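Two complexes, one shared chain (chain A), two partners (chain B, chain C).
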Partner chain A sequence: MKIVLLVDGGRPAPQALTAYCEAVGFRLIKITPTEGGWQKLLPEAFGVMLLLPAWGSGAYLDSSCLWQHFLADQYPHLRLLMTSYEQVDYVNHLDLLRLADYDAAWWQQTQETHITEELPYFTGIDLSEKLKRFFAGHGDDSVVAVLSRIRLVVQMASRELQKMQTPYSEIYADLVKPAQLANKWREWRNRWINYYPLFEHTPLAGKLEQIALLTEGMEHWMLAGGKEQEPLANGMILQVLNDMREQLQQIEKQYVVQKLSHTYR
Partner chain B sequence: MSSKNYHILIVDDDAEFHQQIRYAFRRQFLFSGAINEKQLFEKLSGEGHFDLILLDLVLDDSETKKGLDIIPQIAQRYPNIPVIIVTADRSIDTVVQAMKQGARNFLVKDDFDYDYWEQQFSAVIDGSKLKQENLVLRAEVDRRRAQENEAYPFIGESTQIKEIKRILKLVSEEPDVTVLITGETGTGKEVAARYLHAHGARSKQPFQAVNLSAIQDSLLESTLFGHKKGAFTGASRDMEGYFSQANTGILMLDEIGDIDQNIQIKLLRFLETKLIRPVGSDQDVQLDVQVVTATHRNLTAAVAESRFRADLFQRLKAMVIELPPLRSRRDDIPLLLSHYFEVDDLQKVLTTAALDAMLNYNWVGNIRELKNTVNYAQLRARIQDKKRIDEHCLPTEITSEQPVIPVSFTQNNNTSGSAPTDNAGETPHAGPKNIDEEHALIDLDRIEKLLIQKNKVKKDVAIAIGLENTDNLRYRIKKHFEKHPHLFTNFPTISQSYRRIVK
Partner chain C sequence: MGITRTIIIVWSWKAAGIGEGVWQVAGSANANDLVVCRDWPVSQEGDTQNLAVLIRQYLQQDGEVMLFLHRYHGYSQEHLKQIIQQAPEGQQERLRCFLFGEGADAIYLTSNSKGLLGTSGTFSAQLNRDGQPLDVSAIADAERRLLKSAHFDYIWDIYQLALRRRIFEFKEDLFNCLGQYLPQMTFEPGELYPLLRLPENRMLFLRLLSFVGRIRKGSDLANEIRIFERNNNRTLTFDDCGIQLETSYGASAAEQYALLAAYVLRNVLAKGNAVSLLELRERFEELLEQISGLTYHS
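== the complex of A and B ==
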């Protein structure tokens, strides 16, 4: 029996769906993207099924574009299947109200995942758009912009301390204190908390989870406004910020597509 | 602070960013700041010189990329100040737009890297300064070239000269046509070539003039086409020839009628293929050189006598410009005298008798002879303590002699081979076999007389003829002797003074 991995999006999957799948020769296995291990099942799977819309942070969410990016990039032979109660005319969509209409032949004519494929519109916030705002250089939604400003100060301070041997009291007075790191950190945390749960049903949930863990290691130093010399002197703070940045860059590279405008295409 | 003291203007609405950049680079650069467009232009117009502008694209809360519109304004009003975009926006669209508008580089705040940024600031400033220095040097080259052209003015308001100037201007619009300038020695063939250069498409490019008759035959090929190290004894390093030095510009080959067949073949090859091969090299070099040639010889006759290749002559005479001798445009003599005496009114420096003598003289050495005469007369006037030059300050042949060579002779001695329009004058020795021998005879007769007059002082004879030095006089006599050795029995003073040649 072939395997289909189910992302239920924080909503209980209908019993009828499980029964239907088994009737046509497919076994549904529920996966939780925030937890590790689910990616190991992908090479053997027939596809990934999303129960749409997902539910999180008190809102309906559409994660289909992000899954499309992930599968097209890493497992293009897998089918990205979508199931909902909406009436959607799409080759890989399964209407939960009309399961009896989909025989075994329907599964055979579903399509593999292509990045160019235009996905249907589902109710809920389009998470690919949200992610773009997350990475935008400006604007109130940008998480990365605030982190960049923090990293800029930490990078300059580390260099002064380690390379130029400038006394930390001087660095703190001239650079770190005026930068108001504690305020910036709070701003970053607020934005992060608003965003991060939205992506728990997406393939990037694991990476965001890692970033969340990284932030805990330096929260104390940040909230103290960077007064302590040691975490900066031993490179820990800058290292954590660099790791966070690297994780974020990986996400951006994989999921946020740079599109050229018509003028410069 | 760096010894260079570069002054950078930061334009960013984030005051914290100003403070951080100032702090980080305080040892290397001097900074000023502006937080919006208005302040930016106030600083640029009021605070003196800036070496670099670091410009953010978003300068207020509107999130519009105003910086993109500011770049061309800066480029237009302050073209020497380079702009680096420093922004949080990393989208490809924005990068492309900024670079198209004229930004020199694009740095993303999120990618801050101290060493890289410092290197970029310095590189852009140094690059900009180098560009400015190049512009200054270019202007200096143009200025010197203009000065050089001023040093070779094409003076003349006679009908013939006006027409030649008109033709030269027309020809100068054709940067690839080969031009042959003919005319007697001293008629201003190089001046005409420089006039062509100054008014043409290649005016910003090099101009090289080389007198082929002044270069030893054995060295001519390497002098023109260059040589590789070890190509011959004494070739201790690679050397560029005149052709390479004139690349993209004009090369004037004077006395083209004097080159041997080997060089004629190589010149023909260049004119047909634009390729040269330095001596000792196995590689051809492609060059873009407009060739202007000049000669006082009758090339038609030289071709008939198989001394000059007919195919090369055909290539050279694509455009022939014949300069008239000075005696056929006497109207220009006062203009030339004014130029060389550097006065507007000749009466201030010349007596009427002296002027008349100069106006009536035949000027066999043409403008060069006139120029040397001016120098000679000025010196004589100083020696004789005279305020104005009178006929006693002039060389004796000007005041005492009748014209040596009639105008009709030189009209007969042209490249087009047109028929003489006047009767040939009396020649001192009868029976020349051809026009070349007739020319030699007249020339030798004149030199003979001058040697007697000048007590055999060769330098004075050279000056009187209009030659630059005694080497040229010796060369001239040698050429005559090589072609017409039998004539020398008629000129005992020359034979005595140039015993080694005649022997």
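== the complex of A and C ==
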């Protein structure tokens, strides 16, 4: 029996959907994008099915465009299937209130991701637009811009400390303290917290989760305004910021644009 | 100069807050944006004449007004109706009115960091984020009485879409529940009521009652649904919905709302006729079609 990976988008998937899929020869396996392991199932899968719109952060969300990007890039022969309580005229869409209308032949007519041209409209916040703003170089929604400002200060302080061997008390007084790292960090945290839960049901959830874990390692240092010398001296802070930057670059490259935003410089 | 966008907020500004007054919006693309703060409880006679005069002032010269009335100041659906009816002919569609309270709506900073209202009659609040205090404020410059444009714009935009969004989310949440009984597509008269009365469906059941206008102001049910609103940071009630559909979207929107509410009341919440999920969906779609525009800002 072929398998289809179900992303329920934080909503209760009807038992009838599982039973229907079984009846037409497909086993539905629920996956949780924030947890590891689901990508291992992809090579053997017939497709990924999204229950749309997803629910998260107090709103309905349309994650289809991000999944389309991911599959077209990594697994172009898989199908991106969509199911909802809406009436949508689209070759890969299953209407939950008309399951009986979709026979085994329907599944064979569905399109693989590399063929799909335009996705249908689903009511919900378009997460691909949200992600663009996440990476935008300016504006209230830009998460990357704030992080880059923090990294710039840390990078300069590290260079002074390690290469120029300037005493940290001087670096702190002249560079780190005036930069008000604690405030910048709070600003970053504030924007991050508003954003990253939105992507819980998308293929980039795992990467965002890794970034969230990375931030925990330096939270204390940042909130203390960078007073402590050791985490900077041993390179830990800059390393974490570099790791975060790398993860973010990968996300932007894969899901937003080919040309990376200037804020990484 | 653009059209004047005015948000009038009737709330507890005086007792412990910043007092009544008019605030401008810093750096707004629209130089005429204003927030007017008033602390006017409902008069004993229940008339809303003073509000009608205030609204008329800001509706002049193509102005748009969004009015927020605090429920604890005694306002209800009836007052909204009165206020909208008192707006000059041809200007009603430029007036939107909402009831709010209990810290549960998007207008509160405690619900939404881009909101306007803080704690105790202010525009600022302290939140707890992962055990750490986080100060949030809609104020750009307190001395000059300036608010941040990002907060003003966010509230303006989100409440412009509020009715459509609330109805769409209600529909999806209802189908989340009814979808669990698929492949059953039709429910016999009276069959749905006990299912919706199950404890796990309590919030949805109360929303259905609110949708059909069966929650009385000040009742236990009203208090219960407010608790759900507070805990979920969402507006779940429809008491400010029906009348506004007519003024903002026209008579056919109000008519569709009335038809759907009657269908739900008679067939979903009582033993009228059998309920077909396809028909129920179609009725929701017909209503949503009448409420033009976006459901969400991306």
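Miscellaneous remarks
By our rule, the second predicted complex is superposed on the first by the 255 of 265 C-alpha atoms of A that agree within 3 Å, B and C clash if a C-alpha of one lies under 4 Å from a C-alpha of the other, contacts with A are read in each partner's own complex, and residues count from 1 in each chain.
Basically, a contact is a pair of C-beta atoms (placed from the backbone, for glycine too) under 8 Å apart; a residue touches a chain by one contact, two chains touch by 3 or more.
Remember, it's a predicted structure, so these values are computed and weren't measured experimentally.
In the superposition on chain A, contact is made by A:Q155 with chain B only, not with chain C.
Within the superposed three-chain model, A:G37 lies out of touch with both chain B and chain C [touch as defined at top].
Once the two complexes are overlaid on the shared chain, A:A145 sits against chain B while remaining clear of chain C. Of the two partner chains placed by the overlay, only chain B lies in contact with A:P178; chain C stays clear of it. Looking at the shared chain after the overlay, A:R11 reaches chain C, while chain B stays out of its contact range.
Comparing chain C and chain B on the residues of chain A they touch gives the larger count to C. When the shared chain is aligned, chain C comes close enough to touch A:N190, but chain B does not. On chain A, the surface touched by chain B in one complex and the surface touched by chain C in the other have no residue in common. Within the complex, the chain B residues that touch chain A are 16-17, 19-20, 23-24, 58, 63, 87-93, 96-97, 108-110, 112-114. The touching residues of chain A, counted against chain B in their complex, run 136-139, 144-145, 148-149, 151-153, 155-156, 159-160, 174-175, 178-179, 245, 258, 260-261, 263-264.
In the complex of the two chains, the chain A residues touching chain C come out as 11-12, 14-17, 19-20, 53, 55, 58-60, 85, 87, 96-100, 123-126, 129-130, 140, 186, 189-190, 193-194, 223. Residue ranges of chain C in contact with chain A, taken from their complex: 113, 129, 132, 134, 150, 168-169, 171-172, 175-176, 179-180, 182-183, 185, 232-234, 277-278, 281, 285, 295-298.
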